[in-house]
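There are structures below to look over.
In the two complexes that follow, chain A is the common piece, with chain B as its partner first and chain C second.
Showing the complex of A and B:
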C-alpha cells in the first residue's frame, strides 16, 4: 500500500512538472521569438509591404480582434447567464432542465467551422448582413455561450441556498433577489467566466474566416463592416512563408500577452472581491 | 446563567396561563409533505401559541427543517415537493395569502449565519428598501432599533459599513435575526440557529430570543435539549415525520407521556 501511495505521488509530481515545463517553454519560446519584433510602430501602424504584413504593424488586427471579441461576449454572455439563471432559480421541471443541458452540450460539441458556415449562410448570405463583425460575432457568441453558461450555472449553484432563501424569507421576489443578491455575490466569478470566454473567442479563427475577418481592413468603426483579426493575420503571415515569420511571432506574442494579461487581471479582480466580502 | 434559569420558569407559567385563552399565531392541520413522492411529514396537526417560544425537537432527519420551510412556503422552492393539508396564519389559510406577504410575516433564520455579502447597514436596510422605504432617517432608525433588539448596536455601531461577513459567527447570526426583524414579521422561525456557534454566543442569542418573545411568536428548531428546556414554552417532538408528543415545556420534560419521547430525552442525556 505504501509503495502504491509513493507511486501515485511520483506520478502526480511528474505530471505537474511536465505540464508546467511545456507551458513555460511555450510562452518563453513565443515571447523570445516575438519579443524582438514588438516596437511601438508594430503596435500602432497598419500592415504594409509588397507581401502584405511583411512590413508595418498589426494595429487594425488588434482593434479588430477586440471588436470581434466584445461582440461575441455580448451576444454569448447575455443568453448564457440568462439560461443559467433560469435553470438554477426558475426551472421546476427536471425534464426541462436536462433537455436544456442537452442542448447546451450539443452547442458545445459543434465544430467551430460549422458555426462559421451556419453564420455565413444565414447572416452573410440570406439576411444580407454581408461579411461583417456582427456576423462573426454571432458565430463566436454561439461558440462561447456554453462555455460561459456552464461556469455561470456552477457559480449560481455553489452559492449557499440559505443566502437566497434569506432574501425570499424577507418577502422579496425572485427577480429582486437575483438582481440584488445573486448577481452581486457572483460578480467576480461571472466576470471571470465572461473574460475567459472572450479569450477563447479571441483565439478562434474558424468561425470568422467566412463571416467577417479579412486580410486587410482599417480600424473597425461599425458592426456592419469586416475587420482584421489577430489569429487570421497570424495564419496569413505564416502562410506567406519566410518573409513574414518574425511578424507572425510578434502577432502571436501580442495575442498571448492580451490573453495572459486578461487572465491575470480577472483572477486578481475575483480574488479581491472575495477578500473584500469574505473573511 | 441565572437569568436564563429564571426566565425558564416565567416562560412556563406564562404558557400555562395563556394557553387556555390565547389564540394560536399559527396552526397546522393534517400537514403532509413529500419529496419526490417520499413522504417526509405525515399528517401533522399542531399549533403555535402567540408570543411564546415553541421548540421543535427530534432526531436529525425527522423533518424539523421541512416543517419550518412549510410554514412560510419556502418549501415550494425545492424541486419535486408536494404539500398537503392546511396551514393557518391567524385564521387565514396560508395558501390564500400572497406568497411574498406570507414570507414577510413569517421570517426565517437559518442554521448557518447567512448575511448578504454587503455591509451590515445594507443588510438591515435591504428589505425596508425593497418595500419602498428610502428615507435615510427612517432607515437609520430601523438599523439602530433592530440591532439594539438583538443586543448588538453598542457592540458594532462604529462598524456599520463593514462587510457583515467579517463579524464573528455569533454576531453574524444576530445580524441575521435583526435583518429578519426589519420587515416586522409576526412570527420568527429559527432553524438550529446556534448549532454553528460557541457557548458564549449561544447564551447571548438565547437571551435575545427570550427578550424578543414579548413582541414576536418564535418557533425554534433545536437539537440541543438543554436549550429547548431553557427557552421553550411549548415543545413539539417529531420522529420519522410524525408528531409523537407535544405540550407545555415543563410538563413534557418532567414527565413525557410517550415511550419514544422518554427514550429520545434519555438518549440525549446519556
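Showing the complex of A and C:
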C-alpha cells in the first residue's frame, strides 16, 4: 500500500476513535459522578444551605429553565417557520430569497453574548421590563430562530412535490394546501427541530446572565419576573468551589439526561418516518 | 371567502418574515448605538490597539480602555481550537464517509450530534474538573490556560465540522471512488489523492462557520481560560472578549464609559467575525 494511503487510513480510524471516546467519556463521567446526587429530594426541593445551593435541590432551576425554553421556542419558532413557509411557497424573486438567507445566516452568526447585550439595552432598560423571563426569552428566541428556520426550510423543500401539485390540481389555494397538506405532513420534522432548538436554548447561559436568570428565585409564575436557570445555577455552584461540587454534578446530570433523552427520541422518530416513506 | 383567507395568511407570513429581518436590524442598531459613546472618551485606535483595561478609575490614574489583549486572545484561542478540531474532525469524517456502511452511519451521525447538544456550561464544568486538573498535575500554574480552553472549544466544534465535512467527502466519494477502483488504484490512495483534495473548498466553508461559533462562545472559555488581561500564550492565562462582557456587565454602571465600552467590545466581536468570514471566503476563491 502506498504510504499516503496508509497515512489517510490511520488518520480516519484515529479520528473516529478519538471522537467516540470523547463522547462516551463526557456522558459517562457526568452520569457516574452525578448519579449518586440524584434523589427525589434533589429534584423536588429548592436550594438551601449556608452557601446557597450546597444543600437542598434544584426544583426552581428546573421550572425556571422550562419557562425560559418555552418562551424562547414560542418567540423563535413562529417567525422561523413562517419565514421558511414564505421562502418555499410564496417568495418569487431570487434576490429577495438570497437576501433573507443572508439575514438568517447573519443572525446565526451573532454571538449569543451579544444577543444578551441587545436584550439588556432594549428590553431590560429602555422598555423597562426589568430582568425577567420575557427579556431573556426574546434573546434566546432570536438565537434559536435560524436553527429552526434552516431545518423547517429543508423539510418543506424535501416534501414530495407530487403531493403539493395534487392539492393545487384539486383547486386548493396555497393557504389551504399549506394548512391541510404541508404542515401535517411535516409535523414530525418540525417538532424535532423545535425540540432540538429547545435543548439549545435550555443550555445557553450567555444571553440570560444579565437579562433574566438570577441566583435564587421561587418557581416562576409570570413572564415578568426573573427566574433561576439550570445552566446559570451550575455555573454559580462551580464558582462557589468545593462545598457545592456534588450538587454541581447533579445539576449537570439533569441537563445531560435531558439532552440525551430528547436526542434519542428525535432520532428514533426520524428513523420511523424514514421507514414509513420507504414502504 | 377562500381568497380573503389566502390573502390574510400571506400577509401574516410576510409580517412574520419581516419580524425575522427586523430582529437582525434591531440587534445591530442597538449594539452600535450603545457602543458609539465609548469613543467620546477613548479614541478608536487606543481602544483597539492598547492593552490596558482599567474600567474603574484608580488612585492617580484615569480609567483606561484598551482591548487588544482580549482581541488577541479571542482570535488565538479560536484558531488553535480550529486547528485541533479540524485534524480530528477530518479524520472522523473520512471514516464516516469512506469506511462506514449506511447502517453505521445512521448510528454515528446522531451519536456525534450529541456533542452539539451539550450545554456550554457543562463543557466548562467538565473542563475545570478534568482538563484543568490534568494540566495542574503536569505542572502548569493553576491549570487554567489558553490551551485548556482551546481543547474544550475544539470538542465543541467537532460536530459541526464532522457533519459538513463528511457530507462533502461522501459526495466526492460517490463521484470518484468507483473510477479509482476500476483503474485498479488502492481505495485509500484514491481517497487521499482525489477525494480529499476535491473536498478542500467545502471544508474551508465549514471552517468559517465553526470559527464563528468558536469566537462567540462565552461560558466554556470563560471557565477555563483564567480571565487575566494578558497577551495569550499557549500555557498562560488570558481573557476573551465574550468573557469580559459576561464578567463585567453585571458590575458596570449604566451609562458609564465602562458600560458603553463593553458594547463596543461586542461590536468589535461582530466586526471581527465579519472580517474573518470575508477573508477566508476570499482566500478560498483565490486559491481553489
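We adopt the following convention: the second predicted complex is superposed on the first by the 253 of 279 C-alpha atoms of A that agree within 3 Å, B and C clash if a C-alpha of one lies under 4 Å from a C-alpha of the other, contacts with A are read in each partner's own complex, and residues count from 1 in each chain.
As a convention for this text, a contact is a pair of C-beta atoms (placed from the backbone, for glycine too) under 8 Å apart; a residue touches a chain by one contact, two chains touch by 3 or more.
It should be emphasised that the depicted structure is a prediction, and the values quoted were computed from it without experimental measurement.
Using the contact criterion defined above for the overlaid structures, shared-chain residue A:163 touches chain B, although it does not reach chain C.
By the touch criterion defined above, A:259 lies against chain C but remains apart from chain B after alignment on the C-alpha atoms of chain A. In the superposed model, A:82 lies in contact with chain C only, and not with chain B. Of the two partner chains placed by superposition, only chain C is touched by A:16; chain B is not.
Chain A is touched at more residues by one of its partners, and among chain B and chain C that partner is C.
Touch criterion met: A:173 reaches chain B and chain C at once. Residues 173, 176 of chain A touch chain B in one complex and chain C in the other. Looking at the complex, you find that chain B touches chain A at residues 72, 74, 77, 79-80, 100-108, 110-112, 114, 116-118, 126-127, 130-131, 163, 165-166, 176, 179-180, 182-183. On the side of chain C, the complex with chain A involves touching residues 2-3, 5-6, 9-10, 12-14, 16-17, 19-21, 23-24, 26-27, 30-31, 33-34, 87-96, 98-99, 106, 108, 110-115, 117-122, 124-126, 128, 130, 155, 158, 162, 186-189, 191-193, 196, 212, 215-219, 223, 242, 245-246, 249-250, 254, 262-263, 266, 269-270, 273, 277. Residues 92, 94, 160, 162-163, 165-173, 176, 180-181, 184-185, 276-279 of chain A touch chain B in their complex. Residues of chain A that touch chain C in their complex: 1-2, 4-9, 11-16, 18-20, 22-23, 26-27, 29-30, 78-80, 82-83, 85-87, 90, 100, 103-104, 106-118, 120-122, 125, 142, 145, 149, 173-176, 178-179, 196, 199-200, 202-206, 209-210, 230-232, 234-235, 238, 248, 252, 255-256, 259-260, 262-263, 267, 271.
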